[in-house]
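Labels A, B, C and D are assigned to the chains in the order they are written; within every chain, residues are numbered from 1.
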Amino acid sequence: MIVQVLDIGLVALLLTLAGWTILARFTFPAVVSYVAYGLLLSLIWVRLFAVDVALTEAAIGGGFTGVLLIAAASRLRTTTPTEQGPAAPLRWAVAVLSALATLALAIVVLLLPDPSPTLAPQAIDNIAITGLGNPVTAVLIAYRAFDTMLEKCVLVLAVVGVWSVASDRYWGGAPSAPRAVAQSGALTLFAQLLPPLGILIGIRIFWVGADEPGGAFQGGAILAAMWMIVMMASLGDAPAISKRWIRIAVVAGPIVFIGVGVLGFATAGGFLAYPAGIAKTVIIFVEIFMTLSIAAALPMLVAGPPIQAPRL
Amino acid sequence: MTLVLNLFSIGAICAGLVFFVAGTVGLLRFPDPLSRLHALTKADNIGLGLVVLGLLPFANGVLGGLKLMVVWVLVQLSGATVGQLIAQSMRRNGPNA
Amino acid sequence: MSAATLAGLTGAVLAGLGLYGFIIHPDPLRRVLAFNVLGSGVFLLFGILARRGAAAGLLADPVPQALVITGIVVAFAATALAVALLVRLSEETGRVGLHAEVPAQTPGDGADG
Amino acid sequence: MTDFLFAAAVFILFMVAIGLVRVLYGPHDADRAMAAQLFGSGGIASLLLVASATHVRGVEDVAMGLALLAAFASVAFVNSVAAAGDDGVSGK
């Protein structure tokens, strides 16, 4: 009984926050609503028993998206206001269209078979081969390894894309993280206390990912956040994008992943196949590099294109 | 023994709830941003601390209990830092920037 | 109604809400926000498929969960790229709209245009 | 006991949700950031209560992740206010 109250309350709150995000008059309240919305989403994912997803949403929705959008909202507010939105009739037409889309999706939700077709038994039956204990990690890194590899390539492409937005004269220089103008005592202390604990937690979440909720992405995202808080407190500068180490760090994950995948032809008879017996060792090896690349790529995505001339 | 522990938990969690109520009331009713800041940075830290205290008896072993404590320490640290930063920022730039 | 169905219907509403915001907002940053709301609605639809597929001792089907994790990462990468483009556009032209016919006011320097 | 934990989670969520009114009506941007911060603590408290009531594995890790990142949005807010403050910009 009380569980239904909780679920309905969560959903009502989620919809309210989404509504504010879309309908608020000004951009800043919309962004803050969206940050709270991301936090609430990870609660909903816990209620759906998808703890791995909840962890990802907590790191991305609660942390990185918030920093990215708040910094962007405040940088864009100095520009002149934009043109008007569409006129009332068009607005209504769009509302009707959106309502129809919602209706169609809702009908699909109600018509789909319950329980739905599932791959859970197959995931469990074959998990012994991978040596893993967490079926979600097994899907990500073994059964559907191709998706995960492409996802890591997307991250690299996004970093390249963000960097290439730079003005010509700044190419090769350093981005400015959304950092403090001056150091402040409280923030400095915070950025000194948080990383030791955060790095421990990040490595733990990466490590237990083989058997429990967690994994390379969630652990890497937390490590990335620790690097970012150091930059946000102006205790460390963002690296110039021409630095070799940052470029290697960003591409290491996908390169190692592809390399191991190609080796799979020789050792296990197929692309991205892992040799039997030592599959878990190979998986952990790949995941270490993926974690490193994620920890390097996410702060670079938030920091944006370089805005300082390279030091020659 | 279980009954005593349950009563302890219920007591601690209920006390925590009171502080969350206080935080919200303060945030809504206090007249200016600085006093609102004062209300909420106190309330949410103690509220969460009491909830964690109440949940400790049900914790999943020593590691589970340790994690609960870490959560509280982290929120405590975040709350204290954010309180300082927002207050400094309001003094320097006004509440609206 | 089960928690999964409730979440699914919520996902449907969020997708519609996101679509509405994505079309009507003239401000590109608001469109990015709306697109993220739309995306999270779609992810929730995957979530109910996962929850309804609970079997073999698992509380949710791991395959849709893994797809959602991949999706969240890709959505973030796309958001970051979009924001970088927007900030750059506003630096270059002093405005944040997307209409091409409005002439740009004095670009920063010709080499970058 | 389980029902009590759920009820406590509902209550906290309801309380911090009321505080969210400050996100929409401000009046200042600092108030909006504060409301989000309170919502963060309340959300973490609810999450811990729900985790304790349902015994799902790994939820404490989610709570730790949220707690680690709880201050990030507010720090970004303060930093961007300081950056904009130099130009004397105000308003929404």
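In this section, a residue touches a chain if its C-beta (ideal position, glycine included) is under 8 Å from a C-beta of that chain, and two chains touch if they have at least 3 such contacts.
Everything quoted here is computed from the prediction, not taken from an experiment.
Chains that touch both chain A and chain B are the following: D. Ranking B-D and A-C by contacting C-beta pairs places A-C first. In whole angstrom, the spacing between the mean C-alpha positions of chain B and chain C is 32. Work out the mean CA point of chain A and of chain C, and you get 12 Å between them. The geometric centre of chain A is 19 Å away from that of chain D, both derived from CA atoms.
Annotation for chain D: residues 29, 33, 35, 40, 56, 61, 64, 68, 70-71, 75, 78, 80-82, 84, 89, 91-92 touch two or more other chains.
For chain A, residues that reach two or more other chains under the stated contact definition are 3, 27, 47, 49, 52, 73-75, 187, 190, 194, 197, 201. In chain C, the residues that reach two or more other chains under the touch definition are 59. Chain pairs that touch one another: A-B, A-C, A-D, B-D. Interface residues of chain A, counted against chain C in their complex, comprise 3, 7-8, 11, 14-15, 18-19, 21-23, 27, 30-31, 34, 37, 41, 44-45, 47-50, 52-53, 56-57, 60-61, 64-65, 68-69, 72-73, 75-76, 79-80, 82-86, 90-91, 94-95, 97-99, 101-103, 105-106, 108-110, 112-121, 123-125, 135-136, 138-140, 143-144, 147-148, 151, 154-155, 157-158, 161-162, 165, 167-169, 217, 298, 301-302, 304-305. Residue ranges on chain B touching chain D, taken from their complex, read 6, 9-10, 13-14, 16-17, 20-21, 23-24, 27-28, 33, 36-37, 40, 43-45, 47-48, 51-52, 55, 58, 60, 64, 67-68, 70-71, 74-75, 77-79, 81-82, 85-86, 88-90, 92-97.
Contacts from chain A toward chain D in the complex involve residues 1-3, 5-6, 9-10, 13, 16-17, 20, 24, 26-29, 32-33, 35-36, 39-40, 42-43, 46-47, 49, 51-52, 54-55, 58-59, 62-63, 66-67, 70-71, 73-75, 77-78, 178-182, 187, 190, 194, 197-198, 201, 204-205, 208, 212-214, 218, 222, 225, 228-229, 232-233. Here chain C touches chain A in the complex through residues 2-21, 23-27, 29-30, 32-34, 36-37, 40-41, 43-45, 47-63, 65-70, 72-74, 76-81, 83-88, 90, 94-97, 99, 102, 108-109, 111-112, going by the rule given at the top. Interface of chain B with chain A (complex): residues 70, 73-74, 77-78, 80-81, 84-85, 88, 97.
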